[in-house]
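Paired with chain B in one complex and with chain C in the other, chain A is shared by the two complexes that follow.
Right after this comes the complex of A and B.
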């Protein structure tokens, strides 16, 4: 299964806030703080475990004017970077909603 | 960690106990020692912060041990501080001291090397206050605090950003600190408090007071003066970078994040590009 068919969600070891359309993410275990630009913040916001990565990319392609291939490549690069830094996690199944 | 705590607790006072209470940013601790040199150091170094209040937050016992217990850092080795956390205990150690604080019993102990004991006590207290502040929902903050027109101005940035420099060029103002200040919400407003943990105050007199914060200024040494309002997301990250955080202090670091986020909601943060003179104050005053 390619990565785009996986579900993506925020790691439970992060805390984040979206301030003026930009996410600030903290990894309290290693005292690391990261800020994201607007597009990356959209990905972060949608990474709630209910969407597959390709679904997120599709939404971005509808929201932004850039070349679809560019959006796809940039999104996958960003998600891979966040996976490496343990800020995002991927799974084969959607996360169960905590609101049920 | 249990064995180390047992080792630390094996130290007991051998002669009359000398106690000194100090209050920094509304955190009150009592320091006890049977060593007259340490007692004198504490009384002198923290003389503006001595307190007679009985509402202690922590009692800390200080012991001196012969150098054989520790390996002091040699000139080529960097000094280190480390913290480890268990349920109620913050275990703090370096190459010159070993100690702990327990939030359940509101007490701690530290054993310092006898080579430069006063330096080790200060290092321990910096880390102790950093942790106690987070436990008390306030921040021990790497910044200079200066009072202007009865308001607090916080200048911040990493080492060598210019905190001591702006302090030197603010001789006509009250100085709350050139390196570390305490940030605390009081009556719904954030205030900056003086601390004694400073780098090089020279002839500048420290004023032990608190002031409502008017602005935060991230220092950038430059060839001209200008102010640029920071985006709030960047401001949170910049403020967080000046809070002494410890790996694995998950809850403490979350608290710091929460307090920094609240600060940028309420108080403007700027990038302050400044030249090495006092002209940056005109810029700040004109902007206020």
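Right after this comes the complex of A and C.
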């Protein structure tokens, strides 16, 4: 199954808050913090375990003024980076959000 | 991803997002530390219930608090501590747990691991029972705290060892520092003993003498970030990026400023945070408001605290005498020069016969 058909959620190992449209994400176990820009924050916000990645991409393509293919590729790149950093997790089934 | 965390937090604070909140769960404690500012409420108020805390956590998340310090008293005195803490984790707070470490067991450590806290901060007063227990007034507390520290460390938790520095333990602070550094733990020390929550100042007698403070700044904590503050610089983040909430739902601009700005049993946090007139006054405090500070020669060595000025000197618009004392000694240590005393007088001679 390609990645876009998977459900995506915030990892329970993160703490985060959206402050003035930008997410601040803390990884407590390694004492690291990062901030996301507004577009990345939108993806982060939608990653609540109830949506598949392609559904998130569809919503972004409705909201943002850019070529759909660019939105799709950039979003997948971003999600892959967040998976590598253990900030997001993916699953074949809907995920119960452990972080509000 | 952006890499401007500091900028983001400063921006948030300037827009009154309370990024840091100090949540006191109880003033009850199983130790009787001689210096401690927390005093058990004398007026028989009831502590907030589990559900009241959960409601407050919802409101804090809504306002933007990210870093939540859970403290007391001793947090594990609350039987519902893990219910509250798990809810806080679910609400995506980055948790800091403040504890004396004496209640830490294997089963407690397992529950703590599930919370995935940012840091666990443990008070350790010396590297011997003699010194540590003399301060806690509880025999055996040093051994229990050290057991707790080792258990948490073995299970991979990020630990901060905190030492309030006073006359009783100045001789062993360097040993605590070495212990923390050798075991990969953060070390924080602080010589500022503050008045108690009930207003009493008997604990201030334990503060370091000038000579001891000189030793402390020379040998334990010589780090200092020089700042020549602008007169319109706000003094601190109290009431802007920081707030404190008592175990009875009272809201304060920070733990050091005992000016209650609201009551969460009567008002919403949003209403308090954006409409309290007292809070507004505190937010507008700048260096130019503080008598004597704006033209003080030692200001770039000083860490002025309006809370301390209020509790110890009685005037939030005045300098803090303890901040002044520390600034003078810090200046001597960092510049290796003493203050010049003008108008030297020759004392009247005494007759030897």
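The rule is short, and it goes like this: the second predicted complex is superposed on the first by the 95 of 100 C-alpha atoms of A that agree within 3 Å, B and C clash if a C-alpha of one lies under 4 Å from a C-alpha of the other, contacts with A are read in each partner's own complex, and residues count from 1 in each chain.
Definition applied: a residue touches a chain if its C-beta (ideal position, glycine included) is under 8 Å from a C-beta of that chain, and two chains touch if they have at least 3 such contacts.
Keep in mind the model is a prediction, meaning the values are calculated, not measured.
Using the touch criterion from the header, give the chain among chain B and chain C with more contacted residues in chain A.
Of chain B and chain C, C contacts more residues of chain A.
For A:2, is the partner it touches chain B (first), chain C (second), both, or none of the two (neither)?
neither
Between chain B and chain C, whom does A:22 touch in the aligned arrangement: first, second, both, or neither?
Both partners, chain B and chain C.
Tell me which partner A:40 touches in the superposition: chain B (first), chain C (second), both or neither.
The answer is second: A:40 touches chain C but not chain B.
Thinking of the overlay built on chain A, is A:84 touched by chain B (first), by chain C (second), by both, or by neither?
neither
Once the structures are superposed on A, label A:14 by its partner contacts, choosing first (chain B), second (chain C), both or neither.
A:14 contacts chain C only, not chain B.
Share the list of chain A residues that count as touching for chain B in one structure and for chain C in the other.
15, 17, 19-20, 22, 24, 26, 28-29, 31, 33-35
Within the complex, which stretch of chain A touches chain B?
Residues 15, 17, 19-20, 22-24, 26, 28-31, 33-35 of chain A touch chain B in their complex.
Can you tell me which positions in chain C touch chain A when the two form their complex?
For chain C paired with chain A, touching residues are 1-5, 8-9, 11-12, 15, 17, 19, 61, 64-67, 89-95, 116-119, 156, 158.
Which stretch or stretches of chain A touch chain C in the complex?
On the chain A side, the touching residues are 10, 12-17, 19-20, 22, 24, 26, 28-29, 31, 33-37, 40, 81, 98-100.
Name, in rising order, each residue of chain B that touches chain A in their complex.
By the definition above, chain B touches chain A via 231-234, 236-237, 240-241, 245-254, 257, 261, 264.
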